[in-house]
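Right after this note come the structures.
Next come two complexes built around chain A: one with chain B, the other with chain C.
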Partner chain A sequence: MSNIIDKIFANSTKFIAFGILLLVAWIFTVLFEHSLESIEAFGFNFITEDKWAPNLEKFGALPAIYGSVISTFLAMVLAVPLAIGVAIFLSEIAHAKLKAPVGVSIELLAAIPSVIYGMWGLFYFVPIVRDIFGGIGISMLTAGIVLSIMILPFMAAVTRDAMNTTPDILKESAYALGGTKWDVVKDIIIPYAKAGIIGSFILALGRAIGETMAVTFVMGNVHKISTDLTEPATSIPVTLANEFAEADSGLYYSSLFELSLLLLVISFTIISIAKFYFLRRKRIGQ
Partner chain B sequence: MATIVDITEEKALKVKDFEFMYAGADAPSVKKLNMPIAKHSITALIGPSGCGKTTLLRSFNRMHDLYPGNKYSGEILFKERNILNPKEDLIKLRIQIGMIFQKPTAFPMSIFDNVAYGLRLQGLKNKTELQGRVEKALQDAAIWNEVKDRLKHDANGLSGGQQQRLCIARAVAVEPEILLFDEPTSALDPISTAGIEELIVELRERVSIIIVTHNMQQAARVSDYTGFMYLGELVELGRTEEIFVTPKERLTEEYITGKFG
Partner chain C sequence: MTHTQKRIIINNIVMALSTLSAVIGISFLIWILSVLVINGIDALSMTIFANEGAPPGNEDGGLKHALIGQLILVTYATLFGVPLGVLAGTYLSEYGQKAKLAETIRDVSDIMMSAPSIVIGAFVYAIVVAPTGHFSGWAGSIALTIIMLPIVLRTTDDMLQLVPSTLREAAFALGAPKYKVITQVVYRGAKAGILTGILLAVARVAGETAPLLFTSFNDNFLNTDMSQPMASLTVTMYNYATSPYEDWQKLGWAAAFILSMFILTLNIIGRLFLLKRKGK
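Here is the complex of A and B:
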């Protein structure tokens, strides 16, 4: 009897796993099909062309790609050091009484829906950025800051978890040689947890690059490549969110699909690198 | 009161009325313990699991201070100063009193960097001197021949026994006066165990050694003095052959003849 149940269970899980793979393939196919018109029209120029002019039927993805890359890069530059700092504080410095409440609040922050970060960014961050850095406040910089705030809790929580996997006995061994807390953090804990930390950063990067709602409000959807970070800009998901409803020609529509196909490929690549390269189950030395 | 043999050698440590209670515990794990530790000899601590051997050992380098809320009182004299003094410089203390753990604890770095670690912490940067000290430490730990061609390799690639000797090399590299071993062979196979025991005996010439072991044969093989602990107290401390042949306390005799444990 239990044999049969085991078999049913094994087969149904197999079926579900296979179904998920099929789903991914299906999404991919649909996006690709809808992108065909644009791929045929622009070929490789789609990603190197910097003009996005729907009224002229000209679609170049470079400004959106540029915006995705720069806003994500900004977010990472701002969030990485903070996340490491918060994680070190939570795993090594904070008093036990502080660890739990601060840790839980950070996990709560990580659970806030991104649209809320977007609204909050629009009403509170846009004016602040405008006052401090000039411009209209709706800008690449604001997007980067809002994104960094959005990914920070996740990064900090996962980095802390990775640091907490360092065996006490390993830390004690370094203390036993006359190490200070700082020595132990930088020489033992961070190297030990390195793969997990980098993996979490890459997952956060994947999240930032595909993030839509948090940045749609604050980026401006302007298809222009500018080195001035206080200028409005756009990103792949921001373009998609803003323009699908108004796509009035087949080519416009198809170009948007090709953008989403690009985003999917980028996200898949990033997540795969994180999963297969950094987040593999670690061989424990002892 | 415990039966404590007269130790003719100089003392490496003197434990006086030492009492230790873990954070949140309702009874002390070490109770009013008095114990001299002879210099340049090997003192084994034996006793049934949970009797406080590890707790006592980790007091000698103030390891317990890494965790908040533990309470201790009494004195542990090292070079006539009480190392339990809150003003004690723990960094210096831990350089002078090294520790080897129950499991090998190779750091996530190369073999060379593992051994150089303590020296670098002290600010030693000179390459030739570092190289010399690392080589000497590895020789002292009888592992030089096995690793000399792969000093740059990750230390976690070594076998368990090799890693444990690497940890000993790392500890002797900073030239401590006392080395504390907490069941250093409990995770090792018999051959590696024999190697580590031999090494410990050789180290005695230069350092005073305290070794916790749950293995009475090990205590008999390596140590000069043996202390038998029970329920947080020292029952008897004597010359090892006397403890195992003619113990003075009935409890000690019962333990070494296997009546409990």
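Here is the complex of A and C:
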């Protein structure tokens, strides 16, 4: 009897676990199927065409792709140095009594939903950008800054974790030779934890590019490519968030599904690079 | 200037910059939190919990519909996501172990955890909302379940692996079949860890907005029928905050405050669980 139960239990866990793979395959298939109409209508032009005009049934994703790339790039440029600074502070500078509370609060801030960062950005940051840089405040620049603040806690926490993997004995040896803290950081910690640190940045990049709510509030959803960062813009997730519930034709829907598929492929690629190339999974117990 | 002096000066500059960036980062975050607390407490009142949404300009609008809707959506997602995630995690740790299939499932779940949640919304729109013809609470819960699954799965996997294999061997030696060893020995040993994982997963999906925008959509009134569009705190917050009406924006802040406190509390409880376990 217990032999049968044993088999049932083992197989149902296996079945459910395998279901995750099926689910992911299903997501890709469904998104692809729903994109077909748009793929047939526009082909490769979908990603090179800069005109997005639902009323004319013309859909070009270039402004959204451009917006995703630039806003994420801005966010990374602003967040990476800050994250490195915070991580060095937490792993080498902060007094033991300060390490835990500051570290934990940064981790807790990483748990705050992105919609809150977006709301804060809309009410408190948009006016500041408007006053300093001109324009209406709803802009690519604002989106990049809000995004950088949103990913900072996550990035700082994982960078610190990567730096903390450096064995104390290596650091102590360097200090014993008379190294300053900076010498230890630059010659011991960074070389030792390089792969982990870069992996953390790429992982944060993968998250930032798919982030919706933090930027939807402050970007404006304007399908126009402008080199002026204080102009309103759009990104792939912002377009989806603003237009999905309102699309009114098959081709319009299909184009939005193609955008979703594009976003999923981009983030899967970026996250896979981070995971497989830089962050080899550390098995617990090893 | 000697070489040593130069090194000390460079060190001091870099350390000052690091401390400065920590101060900058943390002050931004304190700014956001204090804005949240000040506006949230200012907007909180009993009417918020007692009343449903009201047209703008109406003083006695509340968030009851969004609070209850959110609770229903997250509860269903938890009911679906937790058992499935725990069982799948059990397979990885207890049966699959280092097998290729198990490793692939781990990798794919890791990627899924960081995948954009709005895409999950689009997927659920295609498989639930489009065929049924309307937005529904079910669609929202399914989207949240998909987001929750990989998180529960991976924490269960990790936590079960922490259980010492001597415990399993002892149970096997007493003649227990494997399912009994797992359900009565391994699960018990990993209880605190799995619970923490579940709490963090609930906290994570409770803050999700993007996958709900076009699945459960929104409703300005109380609805407990899962086959109809359903309000959630996050989508309500988004709609109210982007509206031009001041009283709606105020309600948006109240929703933001309630949601953040809920999520922070879950996170803190989860951490305490883990600390307690470590202290043993």
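The rule is short, and it goes like this: the second predicted complex is superposed on the first by the 266 of 286 C-alpha atoms of A that agree within 3 Å, B and C clash if a C-alpha of one lies under 4 Å from a C-alpha of the other, contacts with A are read in each partner's own complex, and residues count from 1 in each chain.
As a convention for this text, a contact is a pair of C-beta atoms (placed from the backbone, for glycine too) under 8 Å apart; a residue touches a chain by one contact, two chains touch by 3 or more.
Every value quoted in this text rests on a predicted model; they were computed, and no experiment measured them.
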Chain A contact check, chain B vs chain C, more residues touched by chain C
According to the stated criteria, A:Ile169 is in contact with first (chain B), second (chain C), both, or neither; which is it?
first
>> With both complexes superposed on chain A, which partner does A:Leu152 reach: first (chain B), second (chain C), both or neither?
In response: second
**Asked** Which partner does A:Ala17 reach: the first (chain B), the second (chain C), both, or neither?
**Response** second
Which partner chains sit in contact with A:Tyr192 here, chain B, chain C, both or neither? Use first/second/both/neither. first
| said: For A:Thr180 in the superposed arrangement: first (chain B), second (chain C), both or neither? | reply: both
With the two complexes superposed on chain A, say which partner A:Ala100 touches: chain B (first), chain C (second), both, or neither. neither
In chain A, both chain B and chain C touch residues 180, 183, 283, 285
The chain B residues in contact with chain A across the complex are 61, 63, 66, 68, 91-92, 94-95, 98-99, 101-109, 117-118, 121-122, 156, 163, 167, 170-171, 174, 187
Residue set of chain C touching chain A in the complex reads 7-8, 10-11, 14-15, 17-22, 24-26, 28-29, 31-33, 35-36, 84, 87-92, 94-96, 101-102, 104-112, 114-123, 125-127, 135, 146, 149-150, 153, 158, 161-162, 177-180, 182, 200, 203-204, 206-210, 213-214, 217, 234, 237-238, 241-242, 249, 252-253, 256, 259-260, 263-264, 267-268, 271
Residue positions on chain A within touch of chain B in the complex are 95-96, 167, 169-180, 183, 187-188, 191-192, 194, 283, 285-286
Touching chain C in the complex, chain A uses residues 2-3, 5-6, 9-10, 12-14, 16-21, 23-24, 26-27, 30-31, 33-34, 81-86, 88-90, 92-94, 102, 104-106, 108-109, 111-120, 122-124, 149, 152-153, 156, 180-183, 185, 203, 206-207, 209-213, 216-217, 237, 240-241, 244-245, 256-257, 260, 263-264, 267-268, 271-272, 275-276, 281, 283-285
